[in-house]
Structure formats: C-alpha cells, structure tokens
Amino acid sequence: MEIPLKLLSGSANHKLAKEIADYLGIELSKMLLSRFSDGEIRVQIEESMRGGDIFVIQSLSNPINDHFMELVLMLDAIKRASAYRITAVIPYFAYARQDRKDKPRVPISARVLADMITIAGAQRALIVDLHSPQIQGFFNIPVDNLLALPVLHDYIKYKIDPKNTVIVSPDAGGAERARQLANKLGCNIAIIYKRRPEPNKAEVFDVIGNIDGKDAVIIDDIIDTAGTLIAATNMLLSKGAKSVRALATHGVLSGPALERINNSNLEEVVITNTICQIGKESPKINVVSIAPIIGEAIKRIYENSSVSSLFV
Amino acid sequence: MEIPLKLLSGSANHKLAKEIADYLGIELSKMLLSRFSDGEIRVQIEESMRGGDIFVIQSLSNPINDHFMELVLMLDAIKRASAYRITAVIPYFAYARQDRKDKPRVPISARVLADMITIAGAQRALIVDLHSPQIQGFFNIPVDNLLALPVLHDYIKYKIDPKNTVIVSPDAGGAERARQLANKLGCNIAIIYKRRPEPNKAEVFDVIGNIDGKDAVIIDDIIDTAGTLIAATNMLLSKGAKSVRALATHGVLSGPALERINNSNLEEVVITNTICQIGKESPKINVVSIAPIIGEAIKRIYENSSVSSLFV
Amino acid sequence: MEIPLKLLSGSANHKLAKEIADYLGIELSKMLLSRFSDGEIRVQIEESMRGGDIFVIQSLSNPINDHFMELVLMLDAIKRASAYRITAVIPYFAYARQDRKDKPRVPISARVLADMITIAGAQRALIVDLHSPQIQGFFNIPVDNLLALPVLHDYIKYKIDPKNTVIVSPDAGGAERARQLANKLGCNIAIIYKRRPEPNKAEVFDVIGNIDGKDAVIIDDIIDTAGTLIAATNMLLSKGAKSVRALATHGVLSGPALERINNSNLEEVVITNTICQIGKESPKINVVSIAPIIGEAIKRIYENSSVSSLFV
Amino acid sequence: MEIPLKLLSGSANHKLAKEIADYLGIELSKMLLSRFSDGEIRVQIEESMRGGDIFVIQSLSNPINDHFMELVLMLDAIKRASAYRITAVIPYFAYARQDRKDKPRVPISARVLADMITIAGAQRALIVDLHSPQIQGFFNIPVDNLLALPVLHDYIKYKIDPKNTVIVSPDAGGAERARQLANKLGCNIAIIYKRRPEPNKAEVFDVIGNIDGKDAVIIDDIIDTAGTLIAATNMLLSKGAKSVRALATHGVLSGPALERINNSNLEEVVITNTICQIGKESPKINVVSIAPIIGEAIKRIYENSSVSSLFV
Amino acid sequence: MEIPLKLLSGSANHKLAKEIADYLGIELSKMLLSRFSDGEIRVQIEESMRGGDIFVIQSLSNPINDHFMELVLMLDAIKRASAYRITAVIPYFAYARQDRKDKPRVPISARVLADMITIAGAQRALIVDLHSPQIQGFFNIPVDNLLALPVLHDYIKYKIDPKNTVIVSPDAGGAERARQLANKLGCNIAIIYKRRPEPNKAEVFDVIGNIDGKDAVIIDDIIDTAGTLIAATNMLLSKGAKSVRALATHGVLSGPALERINNSNLEEVVITNTICQIGKESPKINVVSIAPIIGEAIKRIYENSSVSSLFV
Amino acid sequence: MEIPLKLLSGSANHKLAKEIADYLGIELSKMLLSRFSDGEIRVQIEESMRGGDIFVIQSLSNPINDHFMELVLMLDAIKRASAYRITAVIPYFAYARQDRKDKPRVPISARVLADMITIAGAQRALIVDLHSPQIQGFFNIPVDNLLALPVLHDYIKYKIDPKNTVIVSPDAGGAERARQLANKLGCNIAIIYKRRPEPNKAEVFDVIGNIDGKDAVIIDDIIDTAGTLIAATNMLLSKGAKSVRALATHGVLSGPALERINNSNLEEVVITNTICQIGKESPKINVVSIAPIIGEAIKRIYENSSVSSLFV
C-alpha cells in the first residue's frame, strides 16, 4: 500500500505553508476552516485522509489560543479520519517561556500544550527553535527541533567583520545561544544582565564583556514587545558600541514592538517567517525564510531518511 | 486533616462566581489572571491550594478559546500545587454542538475538550444543561449535569395559562426538551422542522402541532445568533400564534442576536446567567440566576451529600 | 511488505460474516470459539495474524454479554498475535441506549463498552446506525458509523406514494430521524409522544402532525420488545391512519416481540440483518441485507480509500 | 469529613454478601439490578455513594459474562457517582486459568478482565485464592489475595490422622499447593500427573509418592466438571489408597459435576462459598464459609489496619 | 516504503547479539554505549533509526540494574528517533522470580519492569523461557516467549537411556517443567520438595518418585547460586541415584555457583547462552546456543510470518 | 480516619534520611533492603503502609542505577500495600543533565526516569535543585523543587566581602544561577565559557567580567569529576583572581574529583549532603546540611500548609 503525503495548513501562517508545499511540489489539502459567530472554530477537511502521512502546519502566533484550538481540532478530525500517521508542524511553539514553575502556583503551560497536542492525535512533532530544548522532553512522541541558527548565520556572516563584532546575549539565560553563534562566526561575546548593586536595591541593566567600539549583534530566540531589546540597544550604544543589530528566530512583535523598532537606533532586525509577518513590514526588519528547512525535514520524515543529517 | 473549600474564578463570568461565593459564604481565592502582550495567558494563584477541595468556575463563553485556555492552565497550576481534589465548574460548555461526526472529517470537538480538561487536572466536572446528555460520557471523571429547567419553569409558570399555551421546539432534535417542559406545565407541544416538500427541492420551515390562537413558548438550550429563533417566531405568528416567548438556558447571543431580538415580535426572552450578560442588556431579555443551584451543588459535593436529591 | 486482509467472525451473526466474506471474495479465518462447561469463553485463532489488517465481526445481540466477552477476548488474542491493525466490526452495538445519566447513579454503559473494546486492542471500529451519533465520541479511536437509511429507503420508496404517506417517529427523541427519511422521500412527518395532560396526571400517548387517511411509516433504529411499536400502531389506526408499516435498522425482537408483531395490525416490518434473524422468521417481517455496505466499507478501509464517499 | 462504609452486592452470590454485611453489622446498600428483555443489564444504585468507601461484592460464577458485566457497570455507576474509593470484592475470579499463552493466538483473558475492571473504576481489589498468584501482577491497583487454606485446614485437621494421610495434587502444576497443606498438617505428599510412557504414545494418568494404605486428601483450587477429580480418585483407590477426600476453594461444579461426585467413591468434598452453592446441595459436599475472612478484610481495609496480619 | 531491519546490542551479551546478526546476515547497528564517571549510562545511536524495524538485544544479567537502564534508555532514544517499530529482545528477563506478592509489602518487580519497558518505547518483546508464563500477561504489548526446551532436549536425548533415566524437578513448583521434558523423552519423573515432618518442625529435603539406580536429570529454568542444585544432587545420590546431570535455560551462576559446580558430584551442567558465559568456563558446564532460535524468530517477525510454527 | 506520616529510606543516603526523621521527631519505618547474589534488589517493608502518607527518601547517587531500581521497587511495594499517598523524596536527581536531545538519537533520560517513577506509584515528588527547572515539566505529578541556594548563601555570606568578590559561572549555561547568587550578595559576576577564536579552530577557555584582584566564588549545581572546576580555578587565578572558592548543591565527586580538589588551589569547596559524603571527607570540602529544608517541606506537605512560603 502506498502512503500518500498530505499537507494541511491552519490559518496562522498560510503563506509559509504555501512555501513549504511549493518546496515539496504538492498542493495543500483542501479544508474548511472558519469561526462561528460565537467564536467556536469550525473544521472540515475536504479530502480523504485515510492511510495518509499527514503534516498539519500551524504556528501558535497571536491569537494564540484560537490558533492552538484550530490545531487540536484539526488533529482530532484527522485522527478520526483514519490517517496513517500525523505530524504536527509548529514553526512557533507559544507558551514556551512558561516552561517551569518559577513562582509558586503557576502552570507549566508548555507541558499542558504538549499533552493536549498528543492526546488530540499528533504522533510526532516538528518545531523550530524551541525556547528551551528541554521542552522536547515534555513530549513522549518524537519531536524534531529544527534550528534557525544556520539560516540566521548565513544571513549575518556577510554583513559583519568578526574581529570588530561582539555577539551579545540580552540576558543571562541566553548566554549559551550567544556563545554558539559567536563560535560559529569567530567573534567575542558579551552578556547583558540585571544586576542588583546591593541587597534590597533595585536591579539595573549591566553588561559584561567588551563592547567598546564594537559592532554589537544581539541574538535571542524571540522578539516580543521589543522592550528589552531597545533597552539593551540603548545601553550598548551608551557604553560605546559602534552599532547594534538584532537576530531572532521568532518575530512575535506584539504591542508596541514595531513602533519601538522603527524609532530605535537599531541598525537592523533579522527574523524568520515562523510567524506570519504580513502587515508587520518595517524598513528595519528583514525576514529570512525557514520554509526550505521545514520542507526538507518533511520530505525526509516522509521518506524515512535522516533529519539530523540536515544540519551537518 | 481538615480539607478547606476554595473557589477560583476565571475571567469569563466573574459576576456569577461572586454570586456563588456569596451563596457559600466564602471569598473567591486570590489569583493573578491576565494576558501578555502577545496573547499568552498568565495565571498565578496567590493562595495555597495544598490539600484543598478546589472548585474552578469558568464559563466557555466568547472569546471561547481564551476562556478555555485559562481553564486548563488554572487546572494545571492547581494540580501542580498539590490540591486534594479539583472540580471544573463550567456553567456553559462550548463546542457542545460539535458532539458527533455529522459530516466526514470533522472533529468531535466536545470530546477533545473533555480530554484536555481531564488531562490538565480536573477530577470532576459540574456543568449546566449539556447540549446533549451523552457528552457526560465523553468524560471518564464524574460529571454532575445541573438542569436549568426548574429555574426556567419557576419563572414561566406564573406567566402562562396552560390551556392556551403551546410549548414549541425550534427543531426536530429538541422535541424531547419541549415535551419535558410541556408535561411539567400541562401544555401541548408543537415542533418546528425543516421540511423538504419534494426530493431535490429546498427545505422550508414548517410546524406540526396546533398553534392557532395559542401563546407559544419556544424552548431551546442555546440562543446563539437568534436567526432560527426569529424565523420560528415569525412563522408561528404567521400561522396564527397569539404571542411568542422564548426560554433558553444559555444566552450566547453572538453577532446580530441582540439587535434581532430587540427588533422582533417576541414577547420576551428568558435566559440564565451561565454566560455573563453584562453589556447585553435588552428590554426584551430577562435573566434568571443559576447561582443558587451551582452554589448548592458545590456545597453538597464538598459535604459529600447527594447532588441528585437537589432536583427532587 | 504486503499486508494481508483477514476476517474473523464471532458467534453472534456468522451468516452475515459469511455474506461479507463473499462480498470481499475471501474466506473467514479459522478460529476455535467455544464455551467451557462453566461458561468461560474459549478462543483460539488457527491462522497467523502477524502483520495482518484484521477485521473482527461481532454483533452484540442476545446473549449480549457473552457476545461482548467473545469480542474482547478475540481482540486480545489478535493483539498479542502481533496484528498490524485491528478493526472491530460491530453491526449492532448493544447498551447504546444507556448512553447518558438519565437517572442518578446509573452507569454510562456504552462508554464502558467503548473503553473495554479499546483497551482490549481495537484500533478502529465499524458500526451500523449507532443509537445516538454522540457515541462515536465515546471512542478515541476512529469509528465509521455506517447508515442503514439508504438500504431502508431503497426498499420502501417503491412501496409508498409520498403524497399519501406520513413518516412517524414513535417518540419525541426520534423526530430528527423521521425528518430525514421524510425529506428523502418527500413526505410529511408526525411525532408520537407521551403527553401529561395536567401536572400529576399520568402520561398518555398522543401524536402531532396529520395522519388522518394517510399510510403511516414508523421509523426507529431498534425494535426491541415491540411494545411501543404496537401501541403506536394501534393509536395511529384509531386516529385515522389508513395503514401502518415499520422500518428499523436493528431487529432485536426480544421477549414477546415476534408474537406481538404477528398478531398486530402492522402491514409490514422491515429490518436489516445487523442482528441474526435465523429462527425469528415471520410473515410480517422482511429483512434487507446490510452485508454489501459493510463489505464495501471494509474494502475501502483496507485499501485506504474514502468510506464517506460510500454515502454520496 | 467522615467516610461512610458501603457494601453493594451483584446478583452472583447475594447470600455471601449478606453474611459479610452481617459480619460487619451493616446493611447492603439498595440497588436495582435487573435485565432488560434483550439481555442488557440494568443497574441503578438507590443510595448516595458520594464520598463513600464502597465495596462491591461480585463473584464471577456462571453465567460468568453476565456477572462480569454487572460488575463493571456497577463500578462505572459508582465512579460517576463520586465515590471516595472503590474496592471490587471478587470471591471467585473467573477466567483465571486463562492466565498465559499456552498455545499460539489465545487471549490472556485474566489480564483482559483485570484491565476492564480497572478502567471501569475499581481502585483496589479483594480476591480469594487466585488460581495463580501472578495474576496479582495483572493489576496495577492494590490486590489483596485472601487465602482459603486456613479455613480448609481448620476443617480437615480434625478429620484426619497425619501419619496415615497423604495430601495429593491432582496435577503437576499444583504440587506446591499440596506441599503447603501437607506441611501445615505434617503429612506426606503425592502428585498425580499425565505421563507419556514413550514418545508418540498417549499420555496416561500416573502418581508419584506413596499412597498405599493411606487416606488420600486431594487438594485443588477449583473443582469444575469434576472429571479429573473422579479419575484421580479412582486411580488412587485402584493403587491402594484407603479413602479419598477432596478439598477446594472454589466449587464451580459445572455440567455433570454434581452427578459425578454423588456417584463417586469420594468420602467427602469440601469447598467454600466463594461461589453460591444454592441448588447444588449434595450429601457428599460440605461447604465452609469464607464470609468471616472477607468481612474482616473489608473491616481492616476500611480502618486502614493491616490485612496481611490477618493470616499470621 | 521499504522498512529496514536493524539490530542493536546492549552491553550485556554482545557475543550472542553478534551470533544473531550473523544468523540474519546483517551487521549490528553502530552505537556509543558507555558510562560516565558518576555511573550514568550514556547512549548515542550512530545510524538513522527512522522508519526502521528495530530489535534491541539486551539480557538482564548482572549487573542487572545497569543492563536494565541501558535497555530503557536505548528504547527511548530509538522511540524519539522515529523508528517504525521497536522490539525489545530480552534473552534473560531478570526479576522474574519476583512475580507475585508471596509476602506482605513486597513489590511485583517483574510487572514494574514490564511497565517501564513499555513506557520507554518497546512495542513488542521477545523473551526466552520466562520464569513463569503468566509474566506475558504483565505486558500489554505482544510478547513472544521462545522456549529453550527443544535445544536442551536435542542436546540431552543422545546422552541418556530413557528407561534408566528419571527427570527431576528440584522443587514442587517446577513439577510441570519436569513432566514436559520427561514426556518428550519417555522418562519417569521425580520431585524434590521441602517437607515439614511435623507441624513446627524444620523443613527437610525429600523426594517423591523412584530414583533408585537411575540416571537423574534435574531440570530448572535458572541456576543461580547453585546451592539448591548441589543439595538436590547430593540427596539424589545418597538416595541411590546412579548419576546426576542438570539442565537449565539461564546460567546466572552468581556468587559461589561456579566453585560449587566444579566441586560437585554432578556429571554435567547444560545451560544456554541467554546470559553471557565468558569468564565462567568450567569443565562441568556445557553451553548450547540459543542464537538460531532468536535469529529465526526475529526473521519471522520482520517478515510477518508465524513465530509459533517455529516450535511445531 | 487519621493519616499517619511514615518515612522510608533507600540505601543511598541513610544518614540524611535519619537527620530528616530526627527533624520530624519520628522513626524511619522498618524495611528489608538487600541484594540477592545475582544483583537483584530485594525489598520488603516491615510495617503496615495502609492508609499512610508515605515519603520515600532516595538519592540517585552512585551506583545510580541500583539506587534508582531500589526507588521504583519501593514505590511499587508501597502502592500495592494500599498507601494513601506516596511522595518520592529525591535529594539528588541523577540523569538530569540528559534533559534534551543535544545530539541525534540520544535519549532524554531524565524524562524516562520521571515516567518510570510515576508509573511505579509516586504521586508527588520532592527534589533538591533540579539541574534544569524544566524537568519539573517532565512530571505530571506535583513536584516541589527545593532550593539549596539559601543554605549555600547563608554559609558564604559571612566569608566574603561583596565589594571585592565576583561570582563566577563556570559555563555560559549557568550564567543565570551566578546572577541570582550575585544579586543576593550584592556582588558582580563573571562568566567562563568555551570560546572558538576562529571558525575551525579549537575552543579555548575564556572569561568575561572583571576578576582582576577579586575573590572569586564559582557556583554550579553539580561538581562531578571536578575537571572543569579545576581548569576554571586555574584560569581565574592566572587571570588575576586573588582567591577561588566553589559552591555547589550536589557533590557527586566521581572518579578523580577528590584528588583533584585536594591538590588544587581552591580555597574551599562547599556542598550540601544531598549525596552521602561518608568516605569522601577532605580538608578542602565543607558540607552543609539540607536536612532541615527537606524535613520542613515534608512536615508542610503532610500538614497541607504551603511549601513555597518556606522560601520567602
């Protein structure tokens, strides 16, 4: 029995899904996806799923909860339609920063999502740049965590002079990510952190590592409201950095983010299209496409060849 | 060890939760519940839940998916905070009309919700007037399905003359609900349905049962856009009904519903407060409170006395 | 690797299983199926199941509990014998009327059966005319709910004159089923229901919709003791119906059913063979075969083509 | 909160349940338990179960599958009625001899039952003399396996002279059980087994151990059709045994068992009342009651005191 | 899509895994398997597992817990690497003697292992001579229990004269195993057991069945410390046996076993290589290989042909 | 019913368990815990667990796998002995560094352990300083992650002058931990990291942040072989640090760790007793006790009072 490859797209990032389908040389499967007047989501798939190797592409971008509910309802519909295998392709996995109990009586929301995705019918997941790699362990199904670093690195390497560039982590927790990019480029690193000068005094922004006269490249996985990013940029410039750029995988860009970036002293902000950027265009923002990486991973999963070798 | 009773309210219907708390003579437990700029929900409970008998009140009203996600994240937070027992109190259970595969390749969304609520940590559920009673069987935890019929009956019985009143179901599927109210009041019934006069012709509204010169009372579980309700009202009046009233448990009232009702020939619409009606006031709509029934049910669950006897 | 199709039959309806096997052009797999003297069921499959696409046909007819236990033990034997995929084919799914808590402290038996069938090893189910479509949601495995309406419709359409025929639901809950057949045939409907003339008085049978001088066709999913059916027939005739026929998918025909039908004023009773009718022959009962529909569905599942298109 | 102790009895052995209730000084809880005309079981519990420590007594005697279905439906009803804790008390656990794959493609029926009992809602089980002790491991809930040996030993020890008595296992698999009784009484043992005199010849009954001139006491866990027992008795007598008695926990006594025993040369057969013996009276059979042991175990479970110390 | 067959070996019995690979004509897949300085096991598989039919060979020999942890970590790694199907091949399944609660408050360790192996990712298991066949029922995945008896029988049948040989079980629980070998060879049996001569006296070794002047062959599934074996040998010789041999599937040979066997009056000890015997060579011990049986079973599982027919 | 508090200790850190029992003013429950000659672990609990609130204390120190197996077998024994509630107290949770797929085809071992602990019977866990806080999300049972930072802070704050001290993270991933201690003490931070000077060149140790003339305090969660620690110490001293101390929660101290520390230029190493340090005494190592924190947490869990308030 031949197992057909089928691609379905939720409403979160139809453009990316289309690019992936083009990469694979197939059409997106037809599906009704709408909302009732009361807010309920309505899903009806219009092609047979029976015995297919189904990939459901849905980014958990804003409105996050609606996009999430679309995803689980699509999964249930596919499961009940007797698919052979279901892979949830989630270019941006939201709630990933809620991955621990950093305060008493908070949820570990990322685990809740992982469980709900699994119980709804996903048998495997394909995600880009999980906020923390441990989230793979929140799932008990295979998860391929695709890395955007190669794409970002390919973009930035022609723009900088390693000798005069410093890769900056915007907080202590991201030091390892900065180190990885720095080592790939042959740059030094610096780390911004919130320092409390004395017990019981307020925390202030500070930086360790040499930035004086350097071109700074801040790297983070997510740019959300851009508040921290702008504060970091200003501090780096005030402490002598020659220029500041920012790289990030996921351009959430919520609230005042766009305005802040447009009005900032940032040279440039580079993000990928894991989140749909239509309507968020800015002269300072460049978007590089993650579609070939996702498309190639889907192709390899479908053909049972190695996904990890994709990154060698 | 004493087991304290604690009540938490999601943001869907804080007024109802307050009424229930008042009924029980306790305060709602303190909790931070907000949304981040990117749409993620943020939950932090500010009182110890350890060893408590916790009731989380959340109606799945519009925005449904946000309210649902609030609910599951609250459940996870409570579970990880070592509660003794967790009951999800869901006055209005959304997606309940998606309770079957009436077309190929649609989800059974109500089952998906039931599974997600259970996996997030609910050990029992308290729901008002499930759209179909079979949804209880979607859960494998105990579900108490409270009925609003007594409240609606108590309201309407003083307003009608049974001899001259007919209870009307707005569709064939609701005939049994109409029969129950009719038998409680000693009225006759009529049933509206979509009739196809001949094969391949369009369906038209029709009614069986005698309505001529009668005061008609339409009963349904949900009033959503009110489109069907208004069409039914007009048909009943055109076929000789003297007046038309409508009763329903859940006043979803989405989209044009309010305007339609206000401009209609309906005498009156009676609903309960399972869904928050703040901002939906209308001279034609009367709201009766379900809080005493929910409050009493919580009291009995907490005290381990019979909930079913509540309805004798 | 080729995946062989294999059919096994429990003891409930071997004739139907044989018809299905003939439709598919294969033999039923060999199996010992007997009972020990103490009532324990003994199952031993006599062909390799390894890597096969196995369909187990078992109707849950009387003796229901023995037939159910046969089914789960067959499923366990097949699961432990390393089948590729196991489908439980259940032409008549018993306990389906116990699908809700209509009284306090009753089981939701249909859910219990669904869980037990799943835990024993079924990975998908094929059922004919579930009593309530929501029971699909009691399962978390794919369920194909085949409809007998087309078969019954094909039989009855040549026997009636739509203009002079009324389709009758024997109770308020079945109004939707009557509506569907009526709209397919272009007839009117009527609904029988238990009316309580006044509060605290006993309920009496009544009917809404015009039946005077009409040929009545009662439609239901199950005919069990036929008590309600006979009472309905008599009332329809006493209220002026010209003739009464009955259609039903599942001919349970327990207790006095056969005698009642034989002695009744019914023109004819039409059922399918989801339940074995050997030994229940009657001049008033005509049985139409469901085997081609089940056979075709199995063929399509095996070949991974669409089952839903079967009903277009 | 006080947790009430409640006892429910299925229909399999109401007399034993009554004896247990008497031992505990409580009444059996009220419950409707009947069968519909089509064979479906109907359960409705007529007392509140909310918050109770519920013990459901049901022996899996013939008709086994009906009794089993009664049990799981009672469990589901109790679970959905919000009991605090549910214990399935199963004096005789049927299908226990189907505890392994001794042939290809047979079920491990005892495991299927264990899973179904657990999924239906039992949180702990109380069983008497499991056929093989490993069946405890088929459950993942706590199982107390009460032993009938003390009761049988107390009965037999006054009837025999250890010096002239030999305890006999009727097959090789039961040698350990015979050894335990023999060591408790200070007797020798003998073992009956099926011997194949030469490859490809038929197996014949044989015995090892000295029985000549001895009073033989055969011990087994179950007496089913009594065929093996009678054959063993005759062989022992033909090989010189002075007399033969039989002890067994579970008197299944199916098919020709009673007639065989009545017509046999057995001195006496001693069984317990794990299975209801009403209607199976025989001058050769003596029944000893297991009720005090089960009653005491329930009392200790309810009071959270040690059950194992019951056997010291 | 072609499904490749892949074999991985844990560190417990690499020699056996190599023999199996040779039988199948394939190479063992490459894997890093080592221990960190702190005792943690480190697993990294160096070939793609994606879509493969993977067999992991690991015997649970001493150090048992390290070998077990290797097994579950390999299973998790393979599961997360998106294998098509995972079979745990466990030639010796340790903790199998802890298969019941023979004392209060002990674990049923074999069930714990079964659950952990399943949750880690095994979808089927292949085991040689489970200590008790009921352990198959501890799993809910298919288990093929390969028997070593044919291999041992083939070895011993040329060495004995059935007329003058008696097959001996070293304890009452093993009587059935002795009976099976005896019937295959056409010999008589004898059973050693611990007898308590009188209540409250110490138990002593005794034997039933005729051994005088016979060549005795003790059969057991496991030889561990060999203490019981040596005691049995001495008793048999003291009671007149002409010679004593021992057969066993699993040569655990812990503690003083080797020394005891070397210094004993045993003619010969025959075991299989389910456990690696490198470094345990002895002039009295002969090892027969189980590799062809395991290899053939893997071949048949991979090809979906019958495994049970392997033993006809 | 009163619920007794009971404490059991595995063999990993009996001294700590004793300290905790002393803190609580109770005795450790009696238990046999030994190993059979073949390496199997043997557990038998010698006190009734029925209805108790049971805490099992077991650190997963070397031999890790044996200690882990002890833990799960104790959990199973307690579960089957009908405990009311079971908490696994795991002062040191091994395999925590294997919390992600940092290479293809490796296990997420920490998740495997979490699943196995849960399936064996733990209903809640109490752990000290999880390597990554996300591991809490590997569990679906409540986990209290106790922090050792307060204990280490209390020790170190009297020994340093904040003005002249720099808190050093030994790698980029630990920057956040260093920041937290620094902010508590009012010190600056520095971060050691592996820098690749140019693409394709080897990585070298480097540091960012000012250490010249400062007293350096390295903080980490685990000291294992101490290789990194010594290299860091030497680099800090070579780059001008005045002195180097090290703080860590878990003193794994495997392989050459002790010798390296003793021979190093470290001023002092401070660890807690989550791992038993008997036999690892060193003039350079000071051990502070975590027993009061664990003891207090157990007390609060038992009394259902807040554990989080323990850290305010």
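Order of writing sets the labels: A, B, C, D, E and F. Residues in every chain begin at 1.
We take it that a contact is a pair of C-beta atoms (placed from the backbone, for glycine too) under 8 Å apart; a residue touches a chain by one contact, two chains touch by 3 or more.
Remember, it's a predicted structure, so these values are computed and weren't measured experimentally.
Here the chain-to-chain distance from subunit D to subunit F, counted in touching steps, is 1.
Contact with subunit C and subunit E alike is made by A, D.
Interface equivalence for D-F, evaluated over A-F, C-E or B-C, points to C-E, where over half of the contact pairs coincide by residue number. When the CA atoms of subunit A are superposed on subunit F, the rotation angle comes to 180 degrees, reported as a multiple of 5. Centroid distances built from C-alpha atoms place F farthest away from subunit C. Because subunit B and subunit C share one sequence, their contact can be compared position by position; here over half of the interface residue numbers appear on both sides. Averaged C-alpha coordinates put the centre of subunit A at 50 Å from the centre of subunit C.
With each centre defined as the average position of its C-alpha atoms, the distance from subunit E to subunit F rounds to 38 Å. Subunit C and subunit F have Cα centroids lying 61 Å from one another.
Multi-chain contact residues of subunit E (touching two or more other chains) are listed as 48, 80-81, 101, 104-105, 108, 111, 115, 136, 143, 306-308. The set of touching chain pairs reads A-B, A-C, A-E, A-F, B-C, B-D, B-F, C-D, C-E, D-E, D-F, E-F, using the touch definition from the header.
Across the interface of their complex, subunit C is touched by residues 1, 48, 50-52, 79-82, 84 of subunit A.
Residue ranges of subunit E in contact with subunit F, taken from their complex: 36-49, 62-66, 68-69, 72-74, 76-78, 80-81, 94-95, 97-98, 101, 103-109, 111-112, 115-116, 119-120, 224-225, 252, 254-255.
Taken together, the subunit E residues at the contact with subunit C in this complex read 3, 124, 136, 142-144, 300-301, 303-309. In the complex of the two chains, the subunit F residues touching subunit A come out as 99-102, 104-105, 108, 110-111, 115, 132-138, 140, 143, 145, 162, 169, 171-173, 175-176, 178-179, 182-186, 188-191, 193-199, 201, 203, 208-210, 306-308.
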